[in-house]
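Below are two complexes that have chain A in common, paired first with chain B and then with chain C.
After this line comes the complex of A and B, so read on.
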């Protein structure tokens, strides 16, 4: 395949027929590429008699994300490894490791730019980062959070950090920022839980900020907020009341597929961009589920060139909401995320089918065999 | 200030290391963090507002010169 990838495509305009024609060509080519260059992946696919060329997204063979914890899965020579991304996830202490070459890293940032431009425009706005500055300057702890902020910096200008090291609000910074940009469009970005911390502090102080032209982008999962019984409407309401921001977009993404992010529209639905897709599967038997059904989220992405991560089974639960017919007008599948899959269930599904395979990949979620 | 000087100061490298063919990520000093500092410095120095496409396209010193020329900055 051509190693380059055309990313200058309309992000949310292609309906299923057009999108699938393009995307399946990319994904099939990636299956071949990784089958050829990543030996453990090749062994796994061969042992499962997986077809390298499939017609539909449901027929791709997804790797469980935890395989990246126990195996060095890369499709490039060691000397071409440019950056290693790590993520702990929640199911074990073991870190996932994602090996990037320069090409994949570049595709990731360019894809993220294409996606975010369609929500924010090309112009960079004054930026308030809802976190503390140590999260990106402390290289010892350059975490997924730090990397996420680093990746978003490109969309803002003159970034300032809203929190102190102890996560309390830095009122000096906040006041100066709002004085300077009052009534102007600004970009706020932070991890969902950090944003919630700030909102609570504002509520406690009965402080409101005059931020009506702002947009808030946030990410990082709802688990902590669900524990506090805060759902998305509650969150958005509180953001509007304290920060004054009415344009609020959550996004869902993972370290195993950086650049492929699913951004929440005005209707509260997460949208698949042209170079990514989702499939929802039954947690127990791996069967493909339809609109309105909830199961484990499988994510597809045309970006991963340096590691076999173009079809991945996450550890998140989601609901497929529809395809090409969201009232917001964007095409493509849209869905919601409903939290993590409980550990017991995850263990359950990996124990049910243990592929008798060569190599050292322990298990994948069972995928029903199809004829032909 | 010349473009070469600006690059040298922003990246913390000797000015004779900066030439048109120097590319992003080809030296450890020009990483993604330094890239954003470089952009901020250019905006201050030349009084321009670069958009996200400019940042992602600025893959070499020569490319930086081209992008700045778009904003009538000759350097």
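After this line comes the complex of A and C, so read on.
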């Protein structure tokens, strides 16, 4: 396949016929590419007699995303590894390792720019990062939240950090940022749980910072908030009341498919960009599920060139909500995420040493490339 | 370290315990009473324990004993996490034989374990059982807990269940010179099916018996079959397989909806994910070169022998490797010490036992009829526990 990929496509404008024609060509080419260059992946596909060329997204053979924790899966020579992304899941200490070459890293960055610009516009807005500055200087945490923040920095300017090290609000910074940009469009970004910390602090202080022209982008999963019984409407409501921000966009992504993220629209639906798609599967009986049905989310992406990650079965549950007909006007499939599959008990003789909870939030955004 | 039985006991309890005479009538009475309480349990594993503790079976087990025996003293057991009631069988035998029994329970608290603790606590409240039960201590703790390590060091006998790695680690802990270790490690169990017998008895009770062996503990028990060995010509085996999987899935579907059995036999989403990941991992490693086949609740993978990497990567959750053999002589050279139970259908137990003994088979600790794979026996993993849990006086 041509190693380059045309990314200057309309992100949310192509309806199924047009999108699938383009996307399936990309995905089939990636199946061939990784089959040829990644031996374990080849063994897997060959053992299952998987067709390398399929007509429909449902017929692609997805790799279980957890396998990146236990295997070195790459389709490039070691000397071409440009960056290794790591994440830790929430229930295991084992790290996912994703091997990027320059091309894939660049595709990820460019795809994210295309996606985010369609939500934020081309202008870089003053940026409030809802986290503490140590998160990108502390190497320990860098692979986690830090990388995500680094990835978002390119969409804002003059960034400031809203929290202290102990995650309490830095009121001086917040007040100064508010005074400076009051009434102007600003970009707020943070991980969902961090944003919630700030919201709660504001509520406790009965304080508001009405950034009425602001937009909030947040990610990182709902697990912790669900434990606190906070759902998306509650979250958005609280954000509107304290930060005055009405444009709130969650996004769903994973370190195994950085760049092609799924952003939440005004209707609260996660949208597939042109470079990506989802299939919802019932993994108990192997059926592909349709609109309105809930199952395991399989994510497809045209970006991964250096590792076999173009069709991945996640461990998240989701509901397919529709295709090409979201009231927001964007085309493509849209869906919601309904949490994770509970992890089956690792029973059997390997009973004894239990995995400890790892508190990392995986980075789902590309790290911007520096020149040189 | 937290003692969960007796309830609300302090750690100093461990200092005060002394052994008793083997097979004392009080101990026997306790076992029989616990058995009667378990028989009515809704939980299949506890009901099975109840059946196991019936007086006739206790008498039968007592026949395994040798003369002039005294308890080892303090028997310390680390319970396995896969089958949460397994520890109690060994604990009760040790108790019956007069030992002080200390068990570190798995940190996974199973439902069955909870019910069992309630039953024991109820019996402890009755004076005639309190004395015997005072020799039983169940606790939870971290592995590195200093008090627990002290307890392990003071043991007269240690019984470990766990992965090979865990066993190695445990064996290296300091112990008294006279202390004996029993280690129950990684096992893989087999099921030998006679294709002709299945075809001759298409409506036989093999389906229910197979399902019980396989799914009662989500195939996680060491004794649950993970490889099916089909004896017969390729044609007969192929026909028998069809008949077998149809019968097995019909049996599962015939369980009353919402019944405990139906729940136990159902594949969860989490289980399906583990199964898929396990099979994909085996294929990535090159350990499985052929496609797996969905057979209703089960997934089968054709294999051409017993293979350690396949066995170690087996994801349970209803996966069966299937191997067709023309004669038992093909099985013999494949057997290894970690091959534990051989379930069978369409054979006589005596003929298979004689076959294994006369050929000095390198594997197999149990040869049990289909449906009996999960039944605990005092002869376990090659040892006779009734004899191991005591000291014999010359």
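Simple rule for what comes next: the second predicted complex is superposed on the first by the 341 of 372 C-alpha atoms of A that agree within 3 Å, B and C clash if a C-alpha of one lies under 4 Å from a C-alpha of the other, contacts with A are read in each partner's own complex, and residues count from 1 in each chain.
As a convention for this text, a contact is a pair of C-beta atoms (placed from the backbone, for glycine too) under 8 Å apart; a residue touches a chain by one contact, two chains touch by 3 or more.
Since we're looking at a predicted model, the values are computed, not measured.
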item	value
Dominant contact partner of chain A by residue count, chain C or chain B	C
First, second, both or neither for A:284, with chain B first and chain C second	second
Chain B versus chain C as contact partner of A:66, first or second or both or neither	second
First, second, both or neither for A:296, with chain B first and chain C second	second
Which of chain B and chain C A:203 touches, first, second, both or neither	neither
Which of chain B and chain C A:47 touches, first, second, both or neither	second
Partner chain C, residues of chain A touching it in the complex	40-41, 43-44, 46-49, 63-64, 66-67, 70-71, 73, 283-284, 286, 296, 313, 315, 317, 341-345, 347-354
Chain A partner contacts - residues on chain C that touch it in the complex	78, 80-82, 106-108, 143, 161-166, 185-187, 217-218, 220, 222, 267-274, 276-277, 280-281, 283-286, 288-292, 294, 316-317
In the complex, chain A residues that touch chain B	82, 102, 109-110, 113, 116-117, 122-124, 136, 150, 153-155, 157-158
Chain A-touching residues of chain B, taken from the complex the two chains share	25, 32-33, 36, 40, 43, 49-53, 55-56
